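Consider the two complexes below, in which chain A is the common component and chain B and chain C are the respective partners.
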Partner chain A sequence: MKGLGWGTVLLILAGLAIMPFFVTNYIVTFAIQIFMWIALAQSWNLISGLTGYVSFGHVAFFGTGAYTAAILISKAGWHWFPASLMGSVTAPLLAFIIGYPCLRLKGPYFAIAMLGLNEVLRALVSYFEDFTGGGNGISLPPIAELQPVYYAMGGVALGVVLVTWRILTSRFGLRLISIREDELAAEAMGINTARLKLYAFLLSAAFPGIAGGFFAWYSSHIEPLGTFPFLTTITMIIMCLFGGKGTVLGPVLGASILSIFQELVWARFLFIHQAIFGALIVAVVLLMPKGILGVLQERYHLPRTI
Partner chain B sequence: MENPILELCEVTKRFGGVIAVNRCSLSLAPGRIYGLIGPNGSGKTTLFNCITGLEAREEGEIRFKGELIDGLKPHQVARRGIGRTFQVIRIFPELTALENLLVVTWFPFDLALRRARELLELVTLDRLQNEYAGNLSYGQQKLLEFARVLMIDPELVLLDEPAAGVNRTLLNELLQAIRNLRAQGKTIFIVEHDMKVIMDLSEKIFVLNYGEKIAEGLPETIQTDERVMEAYFGR
Partner chain C sequence: MSIQITGSMLLQGVVSGILAGGLYAMVALGMALIFGVMRVINIAHGTLLMLGAYSTFWLFSLYGMNPFLSILISFPLLFLVGAILQRLFVYQVVNAPELSSLLLTFGISIFISNMAMVAWTADYRSVEFLTGSFLLGPIALSKPRLVVFGFALTITELAFLFLNLTKIGKAIRATSQQRDLAQVCGINVRRIDLITFGLASGLAGAGGSLLSVMFSVFPEMGQIYVFKSFLVIVLGGAGNYPGAFFGGLILGLAEGLASLFLSAQLSEVIAYILLVLILLVRPTGLFRGRV
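Right, the complex of A and B next:
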């Protein structure tokens, strides 16, 4: 059974690897978006799904990565790939600065602090015009081909999924879950919760940082409103909850299913697609608070590490 | 008296205008079982919280093996060798019984796994090791919490009402496990409302009332102490 599971995973990965050679650019573009959402939802899962600290400003790390890459490409002449990878340095650096004090806040206070961070970053980016282009943003050369971005974004998605799997199958992961379950008890049992939360937060910032860099290159243009939208954080949260928070495949399922659903609904119901999407989310939260995978795990006694 | 493992000197803790613990001093010698009793709201759990760093004491000193532990964070206190259970059970419900134990130890994994299984067997939960802790009965959760505190191998174990909600059969096993701990040289400090349990187990008992220590002594002495009678039954 275990071998069958891994075989299926390898088959899907092989299929995804050769897919760009056989499908239209529309499908490749759509796949890039799904990969991006997988990376974002899974990153949010690393801090909020595992430790229970709900981050309402995770798009700040995505935006930080996007601006890092855009500035390095446009002003320093870097190649887009290493410029994007630098997001894995700048975003965790920001996470460290904000996480060190804010992760001591409990419950809604942390969520509000994160929301504030996003707004502050957006204002700063708009203010420092010489450096960031202000409200006009930064334009980058249009990309010649989609395949490199497809593999790069796919790599980020795969990377964060593997990291989550590794964490969930380790005692580090159990300790993060113990924080979610009862932080005070975890502390009293000798677990340094402040340090572990910070580690999880840094990891959860690194991947959106890289994804933001690839997004900037792929979009050819970034500006404050489009790079730090609150809606992006909400979407990654919904995708994670829909698939199953605190799991490995939950955010993958959530991001994939909801992206496809949105694409189908958007094309057919232009004016009410957001309302339909919202109704679906309400239904899921009411009927399946543990998400798709949570329900499957309970019903079929599946391990938590999937 | 040999060097105390735990020493409290004039410890005071207030919540606003309420003095939960008032200039409380006590001393525990290593390798014994001590009881802490008192009417509801007398400050027993608050005192445990001050010792384990969950509440910051306002005045006084707390020493563990001669070292001041005031101001340490709870995890630092635990790493120094003080483990505790809680009055209201605080297990990790979405972890299995086995994981509840594995999560708190820094032993190499194989060693941790062996020790966790031994402890689950000790509290008769070995057959339920893969069950989510949240699905266990109240009594089983109480036993799991007891096993979890042993997993960190503390020198001083604080047990906050370990017998509450545990059925008679399991209770006898729990009491035997506590005596075994003492035989291994551990010091045990128990808050318990079941007077039979506390009188049977304890070698010395401290009594709190309105945050103040009003008596200490052997169980038979405490049972006849007038101040204790008054605290429990009034004049």
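Right, the complex of A and C next:
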């Protein structure tokens, strides 16, 4: 059974690896989007799904990565790949500044601090115009071919999924889950909850940082409203919740299913996009708090670590 | 580009800061009540404020109703909306982990604000009722802000009188201090939850009505007030209702001075830095001990 599962995973990965040579650019672009959403939803899962601390401003790390890469490419002449990787330094740095004071405390402090972060970053980016281009944003040269971005974004998605799997099968993961289930009891058992929450948060900021860099390169233009939209955070949250928070494959499922739905159905109802997501969040929280994968895990007695 | 800051400018900054703070305190009191009684942070608080602002706007532009008089409609209207939300959704997550209540109210909030966008478009609307300012020596007092401050103060005071003198008010405070014990004493905490949510939403609605006189009305206007209200609660200390009042004044003051010395654009950044610093140094709030 176990071998069969791994075989399927390898087969899917091999299929995805050779896919860009056989399909149209439209499909490749769409796949890049799905990879991006997998990376973002899974990153949100790392902090909120595992520890129960809700991050309402995760798009901030995505935006930080995008601006880091765009500035390095346009001002310092870096190659796009290392420039994007630098997002895994700057985004966790920002995460540390917020996480250190807020995650020492229990309760809703962290969630609200993350909610406020959106407005703050947007104001800062507009204020430091010389550096960031203000409301006009930064333009990058148009990209010649999509394949490198496809592999890069796919790599981030795969990376964050593997990291989540590795965490969930380790003592670190068990400790994080114990924080989610009962923080006081976890502390009483000698777990340094403040530090572990911070580690999880730094990890969860690093991947959106990198994905943001790739996004900036592939969309060739970034500006405050397009790079820090609140909708991005909402989308990551609902994808993770819908698929199943606190699992490895839940966010992957959620991101894939909702991206396809979005492309096929909701693209026609853009004006009520947020309302659909809002209703979906309420429905999932009240009716299916464990998400699709959670329900499947219970019904078919699947292992907790998938 | 250093501008000479004169004493009168400083005074002006302080005065307009305090004027803004009165409203912050009133809006935050609603959020503090819900948090105190149910341990739920209501992310939809700002959306309810937005609904209050729109009800004033429509009453004003369609029927020419005095915006301050329209509080008599927006308060009960939002009381009802809040009570319905509580009855349908929020009661299910009162004892659930924090994650559930945060996400639930978040979902409600984005649903309502998107619906407002569909119904009323994203246009910025304004209620042009009171304009101009009084000159008081060297400082100018904007008329709408002064009147709004007066109303905010009165409504906050009425809310405190309600909490302190009436039987229901006392039951609300008792539930917020010790939920289980309150229940043992025969208080119907479910009913208290309902009244608290209604009252808090009413306060948000009245806050929206007052805001509409000073600032533009648009579907996403409320979002920032969720953050600011929470900051006010943290400044005052969670569960400390009079503290929330002073927290509001402090936030207004900090923003007033920040826009004087730095830039009005950065006032939200200042509020944010204030939050992070307070959490770092004094997470129990500035006025510890008094509940």
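The rule we apply is simple: the second predicted complex is superposed on the first by the 281 of 306 C-alpha atoms of A that agree within 3 Å, B and C clash if a C-alpha of one lies under 4 Å from a C-alpha of the other, contacts with A are read in each partner's own complex, and residues count from 1 in each chain.
Convention: a residue touches a chain if its C-beta (ideal position, glycine included) is under 8 Å from a C-beta of that chain, and two chains touch if they have at least 3 such contacts.
What you see is a predicted model, and the numbers here were worked out from it, not measured in a lab.
When both complexes are overlaid on chain A, the residue A:188 reaches chain B alone and has no touch with chain C. Using the contact criterion defined above for the overlaid structures, shared-chain residue A:112 touches chain C, although it does not reach chain B.
In the superposed model, A:227 lies in contact with neither chain B nor chain C. For chain A, the partner with contacts to more residues, out of chain B and chain C, is C. Of the two partner chains, chain B is the only one touched by A:177; chain C is not. Within the superposed three-chain model, A:204 lies out of touch with both chain B and chain C [touch as defined at top]. Common to the chain B-facing and chain C-facing surfaces of chain A are residues 180. Of all residues in chain B, those touching chain A in their complex are 52, 54, 73-75, 78-79, 83-84, 86, 90-95, 99, 102-104, 106, 109, 148-149, 152.
Against chain A, the residues of chain C that register as touching in their complex are 35, 41, 43, 89, 92-93, 97-100, 102-104, 106-115, 117-118, 223-224, 226-227, 230-231, 234, 263, 265-266, 268-269, 271-272, 275-277, 279-280, 283. Touching chain C in their complex are the following residues of chain A: 48, 52-54, 56, 97-98, 100-102, 104-105, 107-109, 111-113, 115-117, 119-120, 123-124, 126-127, 180, 230, 234, 237, 241, 271-275, 277-282, 285-286, 289.
Across the complex, chain B is touched by residues 171, 174-175, 177-178, 180-182, 184-194, 246, 304 of chain A.
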